[in-house]
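Below: one structure in structure tokens.
Labels run A, B, C and D following the written order; every chain starts at residue 1.
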């Protein structure tokens, strides 16, 4: 596979939402971005709050920005806050540096996109993202 | 119904994409926004170009901005370009004033969101949007 | 009087809405800005569409920007569109150059603010603004 | 009630200002936003400083963004500053994460908007917001 298909993106979302339902998570919002950082598919469950698209895509965008899962951004923000502030500034303010943004790689390891999830704890958001990527037969990178 | 549900939004997208396939349209991108202009669901077909999220949501956002389908914006842009430029400016540059942004109303006529489609001709984009809204048992307003 | 009081701003809004009701106008949105372009009071009637705050304040802000009612901006946009585009650009995209933005002057002629109205035709919006300013015992300048 | 009415928004503002007067608070600024984050009604008392619209609406917008009162944002900003910075970034710089932004729910618990108040201490701003919401017969959520 060389590109993220819509079919794969939809599979990721549906499996992530199923994971959230199984684990009794709060309403989730799931954004899937392609390798260029452009939105491919998105769903926001009923009851999710207003700015959840921006938060979900902000996790995925941040992961793509540096080629690491957003858990790495979270750690970096604690250790070097000025780097994260600069990264966010040059991104045009598009990054939310907390866990829940997970890179999507194909079976050869090629980066093909990222998924960002928000709604429950950041750790649970990340678990749902990983479940989604696995369901699509792809590889995940959370940190 | 008082709010746009995720189930309805997904139905709109699937029916719009089916309409596009039936009519042999080019790859479509479909954004569904709630009444407050926030993204509820989104899908971009394989082969669609880079900025299609921004275009699709820009049609829907523009429709919600003035409470008219984006076909009205298209006509207004021709008659009063300075109004449309001003509207786009105060929106923060979020409006694409061409057909394909269609308001979604419930059966009582209450505004509950908007769908924006891009990929084929603006007229065809609008037809796909209407087909999607009808499939969800909701009312459409294209102008 | 040297400054626009909240009492005067509220009187302007209530009288403008009363004018709209008398003339059977569509739902109106009324923004009153002080001489520094900062919001003093605001009301948006039920049924008004999403971006009406931005439009109403954009008319009033544009009027204050050049010290003329927004009817002057409308005329200027037709005659010298590049000037209006430049003005909007340097304002940070805060101007809607159509009638309905009216300067507020005290009885000595001193500029103390502006009111912007949107919802009906631009001409009617302007009539409601003038009615509001007159009800507060102040002077208006629409062009 | 399914939507925030102008009548309810005006009641909230008048009662909040009355609370401020009773408690001898400094001049207050009150912004009421609908559930989509769009301004419904606003008043700024005489003597309030220049950027009070932005502060008041920034508290209310932040509350709506995450579906929690802005007191929660204040606590989160202390515990996870990089999350709050990221949230503010993806909001386009529209959030002021301190107490005084309170969610408005109807009697069924449905979220219908938020009120943001600034001018006195953040704790007092919040008290005035709660008093306003109670006067309108609605439910409040401050954290």
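Things worth noting here:
Just so we're on the same page, contacts are C-beta pairs under 8 Å (C-beta built on N, C-alpha and C of every residue); 3 or more make two chains touch, one makes a residue touch a chain.
Remember, it's a predicted structure, so these values are computed and weren't measured experimentally.
Chain centres here are Cα averages; for subunit A and subunit B they lie 25 Å apart.
For the pair subunit A and subunit C, the distance between mean C-alpha positions equals 44 Å. With centres set at the average Cα position, the gap from subunit B to subunit C is 30 Å. Annotation for subunit A: residues touching 2 or more other chains are 50-51. Arrangement of the chains shown, judged by which pairs touch: an irregular graph that fits none of the line, ring, star or complete shapes.
Here the chains touching each other pair up as A-B, A-D, B-C, B-D, C-D. Interface of subunit D with subunit C (complex): residues 3, 5-6, 9-10, 36, 38-46, 50-53. Subunit B contributes residues 35-37, 64-68, 80-83, 85-87, 89-93, 111 to its touches with subunit C in the complex.
Residues of subunit D touching subunit B in their complex: 2, 34-38, 92.
Within the complex formed with subunit B, the residues of subunit C that make contact are 48-51, 54-55, 57-58, 62, 74, 77-78, 81, 84-85, 88, 91, 93-98.
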